[in-house]
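I've put the structures underneath this note.
Below, chain A partners chain B and then partners chain C, in two separate complexes.
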Partner chain A sequence: MLAYILKRLVQGAVTVWFIATATFVAMHAVPGDPLRGERIANEQILANLEARYGLDKPLLEQYVVYIGGMLRGDFGLSYVQQNRRVNDIIREHFPVSATLGILAMAFATVGGVLWGALTAIYRNRLPDVVIMFAVIVGISVPSFVVAAFSQLALVSLNSAFGSSLLPVAGWGTVWHMLVPALVLGLSTMAYLTRLMRSSMLDITTSDFVRTARAKGLPPTRIFLRHQLRNAILPVVTVLGPQIALITTGGFVVELVFAIPGLGRYFVDAVHQLDYTVIMGTTTFYGAFLVFMVLVVDVLYSFIDPRVTLE
Partner chain B sequence: MAQPNIANRDPMSRAATRQLLWIAGAALVGLALLLAALGWAATLTGGGAAATHALDFKTRTVTTSIRNDVPQLDSSRSKDIESYNILHTVMEGLLRYDNNSNLVPGVADRWEVDGARVTFYLRENARWSDGKPVTAHDFVFAWRLAVIPETASEYAFLLYPVKNGEAINRGEMPPESLGVRAASDRVLEVELQNAIAYFPKLTAAQTYYPIREDFFKSRNGRYAADTEDLLYNGAFRITRWVHGASLRMEKNDLYWDKDSIWLNAIDIAYITTDAVARLNLFQDGRIADVDYLPGEALDQVLQQRWSLRRFNDGSMWFIELNFREDRLTRNFHLRRALQLANDPAELVFKVLKTPSFTPAESLFPSTMKGEHGLFRQQYPPPHVPTDLTEARKELELARQELGLDTFPPLVLLADDTPAAITHSEYLQEYLRRNLGLEIRIDRQNFRQRLEKQQQGEFDLTLKGWSADYDDPLSWADLFASWNLNNNGRYDNPALDAQVRIAMQSLDESERYRAFAEVQRILIEDAVIVMAYERGVMYVQDPRLKNVGRRFMGPPTDYSRAYITEEP
Partner chain C sequence: MSAVEWQPRSEDFARATDADRRRGEQRLVRPSISYWQDAWRRLKRNPRAVVSLGIVVALSLFTIAGPWVWRVNPAAQDIDQISRPPGAGGTGRIVEPYIQWAGVTTETLATAGSALATNIRLAEPATTQAVRLEWAPAANASGYHVYRNISSPRVGRALGLPLAEIIDPHRVSFEDRFDLEPVKYWYSIVALDANGAEADDYAVFEVEPAMVITAEEAADRGWIADAGAVRVGDMVALPNHPLGTDYLGRDMLSRLMHGARVSLFIGVVAPLLFVFFGIVYGSTAGFAGGRIDQLMMRVADFVVALPFLLFMILFRIAFGVQPGESGVLPMLVALVLLSWPSTARLVRGQVLQIRNEGYIGASRLLGARTGYLVFRHMIPNTIGVILVTLTFEVPRVIFIEAFLSFIGMGVAPPTPSWGSMSNEGIKTMLAHPHELLFPALFISVAVLAFNLLGDGLRDALDVRLRGRE
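Here is the complex of A and B:
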């Protein structure tokens, strides 16, 4: 297994290098210049700026400098947040995104598995119909609508109650993260519910469950050991990419709830053409995604003994 | 379905439901534990957005929000509004802006202008937040820092009037040759490149703020990066700054004018560009005001019956035309046709429908000060009535002069912001319908729009402009042939001559006559097509008084605000 993990790590490194290179090329192909502001007094000032950021050098040299810095774990200085290192931006803001992401993921997984199992048990009966309707809504309504709507609901709730039950926005306590995490995890929860439901139904009608029933095993044991454990496998498979999706996709939620997460920097950087932040966050998220997929694959072998890692 | 549906059989289904309930119970306990752990973790990454109220009369605290994290508090390099608002609260230049955009003495209590020599006398009780006095040396250091090429300050040009400023910025002379010296700790002598009338006004800009050399050097390149990397000489000092989350300023007891400061703390507890989120926080009583409201926010404001306020932030919006050789807009009659067809009132009242905007009549804002009172009262801009018949005649003249059968589509370069999209689409339809002119909209995001504008890749482009310093020249020289912000490359010796007079003359009346001439040329030669004067809509808790909302200098200033117990 160790050899397998090592092999995957090497593959991952190549993937990350590829992501970094592709981003570098794409970024410089986009017209526009991060150093041009609304005001240009003279070409001298622009030249001074370019020299400061090393943009006066040929592109290939910039690339070498950049990859070199990356290998040393240094992503350079931001163009927009001029005094901050990209490393500091990631270090300070990723934990926020991660905290929110973990909670959102916990909500989504717990909710998805439970609702999914419930709808499978009550297939075509009232709970199934109600939950599946909610699932369709959860998948199809975009998160900025849900976020804005839930914030409005919070404000109305607070004003009806006369004092603040839950904070409307901000960051710092567990109460600040409840609603944003729910909103952030909502579409994943809906997706997982649907996945869990269909996988439960597949299992329920499979041969080994029928055998288990035939040998007279107690229903609780069948449900837990034979059905749930098997049905959960497809859910675990999509968990890796979903975690990445949630941690990187927090942009809208972070904006609406004024949360100082990394998602905002990630998106703003593209608008502002903040080269170093674009490179830093993309590469970081790329590495994160690759790592999460690996973790899920390893996890898989624990849940499903038939899977061996080679 | 051939397969038996086991789940629906009762004993199995009941057992499964019971199991599921147990699992759900365990999951809930798990989630609660997770919440507790994450709650603890969040305090470490904390915004510290405590559940405080918007206004606290007892602790004299106002809580508010800003749109973007503060990008640059190093005054020698700072260039944006968000940073300028903060810097003006925690730092002070030789002069500073009061709440009515007037310049008043800051660190300097008086100054003397003698031709190209300006002498500032620093007040005795101006102190840094570590107790040491603010001296003339701190200004010498800061100004040199701002002009050396290594700093790469975008606002270095503000220091070009100081002798050798431009040459040092080009790397042609040593920083010591800058025309500023400390005659003593409290006397700052400035030698100008040429005598100019408006120099003292420049010193209120953040680029002219003092920086103390020993402190700057002790930060090892991290000056202004964090709370502890700044030294303050203003009314407040930053006591907590969590990047992207919050920034808290507390009264600086060493400030020379501390008796006129009522507030103890200004707490910026939220940072988000989402105006609706900020309005929700306002409704919930968490923040005392929300500014820069977009048109879409009006409904909520009206519904809640808040009083909507506006201030003019001095930014002027217009259509810039391209005068390069290969552009049709070089033709006077075509420009005149566009100008005559233009209807700023319709644009503002029927299309953009943002109550804080007003139709523009000149490049100079209506609030701009003149020699006596407002500039516009003394020198009203030539009136251009909307006249479609005349516009069509001019267009026909243009067509004949240019030797065209029909006009090819004109390129309109614009931002991808909601206001710019509405504006450009309106223009497209308006000009097609009324003049039969085809407009091709080139919609770009901010950085790409800037690049294309500066490269001159447009026929028409939407542009906004506001002043960098408190003198009409900051607008008037925009279309001078040497100004690189003159993106259309308008080149008119008559206008250049007037700008030179305004730059060099020491006679105020003569200068204002020159500004009036610039205004007349811009309109009569149809150099730009007017759009609107942007105002800023905001709501504010009625108990909060005396917040500075300026059209010149930093737009928002809480430093002299106070709170009343009753509205």
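Here is the complex of A and C:
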């Protein structure tokens, strides 16, 4: 177990190093110079700035400095906000994205398991048809469209009731989080519903459920102890990649709902060509994802005793 | 074989030719159906897949043949019809060129009575050339503010666009010539007190100007061939925009067609490219085996670990888009670079599985070369799985394109794509929802159709399901 985690951690570290290198290469392949676009008064100032950001050094040395800084957990200085460290930016904006992501993931998981189980119970009957139709819509409509139309709905809802029931955009209170999190989690919820439905249907026809029924166990107990607990396993397997999808896919929702998350900051940084912020954010996200997948994999062995980590 | 009363129950069994029938013979022989015939037969039985296939064909027609039928330049601006909702183009009346209007002044000022400008009326019929309003003076007014809104200002105090500040209490008229369109306007007239402050209440006047144009302008814009051929009072047809226009007055239908070319081009070509690359990579790894296989798959693992969307954006800026370029090529390259591992893994798995099958061994024993094995056995046996992957990759890529274009990191304007149109449409969503609705609808329908088609294909191509339905 411990050996497995250690091995995975080493693998993860190599992956993060790869991500950091790929980001570095991609950023240095960008035509032009991040500082030339600025209104620089004269050559001396430009030279000073280049020295400050280490751009006067050869590329290999820049790479060593960059990786070295990353090992110490230091992502450097922002190019656009010249007195801000990338670490501070991440520290400030990531909690917002993480909160949104966790909430979205909670919505998606609870909703997916619930709807999936429901459709399996009511197989081929009205609730099944309705929910599965909603699932298909949820998979097919892009998140920015859902976000835009839910905003439109909020506007008309608020004006209909003459009060601001739920805020249309912004960040701060729990009320701000609900709708964006729901929108963000929607496609994942649809996906999990589908998965849960098929695994639930598989379980329903399995031998141990038949045995349980033959023993005369009450249906609710069969449902909760035998069916749900086993059907949920495939859902747990995909949680890791889905967390990845939700946290990196958050920027559309953050953009539409004007939420000051890291995703939105990343898009801004890209528009402004703020290289250190782009590199830092990408590597940070990469590390976060590697870590989340590892956590889910380890958790899985606790939930399913048949799985042994090796 | 004796003649029997023959009732064909299934077309599978109806193989009797006319000659057979004349001889009174029937052959009830189940035809041998090839893999593809069987797949097609089962796909046809799945109504959802058939409908999806129809939608996909319709979308392709819309994309390929559409611009030949609807020959409107997607970049041409119709400045008289901006953000027009869907519907027929309508007509415009030819009028004389604009003549100056002196306006209305009054000598008698009201000192008592309503604090509102009352009795608002049109001095002349409202046209898109000018809307001329006059009103009876409000009590103790030192002047007026005139606003114009495109919705009723009664909800709250959203009076809209401030048009004029009249600081002469004697002037009780206003002429609006600002960007008039044949839509409903709500003019609000707010009286000013002695200090020039706005009164709390305001008077509202609702009017819809008629579309008019001078003969010269109409000829300029190509609505009529010759300015001399029409007289004042004639009606001329306006350019038709069946799905309306966007915020720059560009034809939505034409843009949707050309946008489909971009969106579907990326959506189809990118999967073709990276699936092909994945096949080559995966089968090489699977065939090579051992160390090479391990190494190649480890590289694939690394690429999978990259945060996909962030790297799509990174690649997009790394390749850079020069002014005048559409940005389609960088997106294709980035998609191929990041998306091949899933197919490679799949193909490798298939190859490893098939490599140990008995018939491969038998074939090899008979002296088959590797190339023969690949083309005769490997590819036909994996093509079904690959085809299904391909179908599922198309909607994913359409999504990615839309997503990137939406955040401004996809195709560069003015190239239309469904995603970039959504991005433009969301800005005017409240006033003109059609500008977001149409591209969103096209994305959703295309994605839905390809997803359902993929589902259908997966079921149809799965040999294990053959004859089980």
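Everything that follows uses one rule, which is that the second predicted complex is superposed on the first by the 296 of 310 C-alpha atoms of A that agree within 3 Å, B and C clash if a C-alpha of one lies under 4 Å from a C-alpha of the other, contacts with A are read in each partner's own complex, and residues count from 1 in each chain.
The rule is simple: a contact is a pair of C-beta atoms (placed from the backbone, for glycine too) under 8 Å apart; a residue touches a chain by one contact, two chains touch by 3 or more.
Only a predicted model underlies this, so the values are computations on that prediction, with no experimental measurement involved.
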| item | value |
| --- | --- |
| Clash-or-fit label for the pair chain B, chain C on chain A | clash |
| Chain A: partner with more touched residues, chain B or chain C | B |
| Which of chain B and chain C A:Val30 touches, first, second, both or neither | both |
| Partner chain in contact with A:Phe18 - chain B first, chain C second, else both or neither | second |
| Touched partner set for A:Ala117, first chain B, second chain C, both or neither | first |
| First, second, both or neither for A:Ile136, with chain B first and chain C second | second |
| Partner chain in contact with A:His271 - chain B first, chain C second, else both or neither | both |
| Which superposed partner A:Ser159 touches (first chain B, second chain C, both, neither) | both |
| Partner chain in contact with A:Glu61 - chain B first, chain C second, else both or neither | neither |
| Contacts of A:Thr281 with chain B and chain C, given as first, second, both or neither | second |
| Colliding region between chain C and chain B, picked from 259-267, 439-447 or 529-537 after the shared-chain fit | 439-447 |
| Contact residues common to both interfaces of chain A (with chain B and with chain C) | 30-31, 148, 151-152, 155, 159, 255-256, 271, 273 |
| Residue numbers on chain C that touch chain A, as the complex places them | 155, 301-302, 305-311, 313-315, 317-318, 320, 395, 399, 402-403, 406-409, 422, 426, 429-430, 433, 436, 440, 443-445, 447-448, 451-452 |
| For the chain B and chain A complex, residues of the former touching the latter | 3-8, 11-13, 15-20, 23-24, 27, 30-31, 34-36, 38-39, 41-51, 65, 69, 71-74, 77, 79, 149-157, 160, 169-170, 222-225, 242-245, 269-274, 276-277, 280-281, 283-286, 445-448, 450-452, 454, 468, 484-485 |
| Contact set on chain A toward chain C in their complex | 15, 18-19, 22-23, 26-27, 29-31, 136-137, 139-145, 148, 151-152, 155, 159, 244, 248-249, 251-252, 255-256, 266-267, 270-271, 273, 278, 281-282, 285-286, 289-290 |
| Contacting residues of chain A [partner chain B, same complex] | 30-34, 36-45, 48-49, 51-52, 80-84, 88-89, 92-93, 95-96, 99, 102-103, 106-107, 110, 114, 117-118, 120-123, 125, 148, 151-152, 154-155, 158-159, 164, 167-174, 176-178, 201, 204-205, 209-210, 213, 218-220, 222-224, 227-228, 255-260, 264-265, 271-273 |
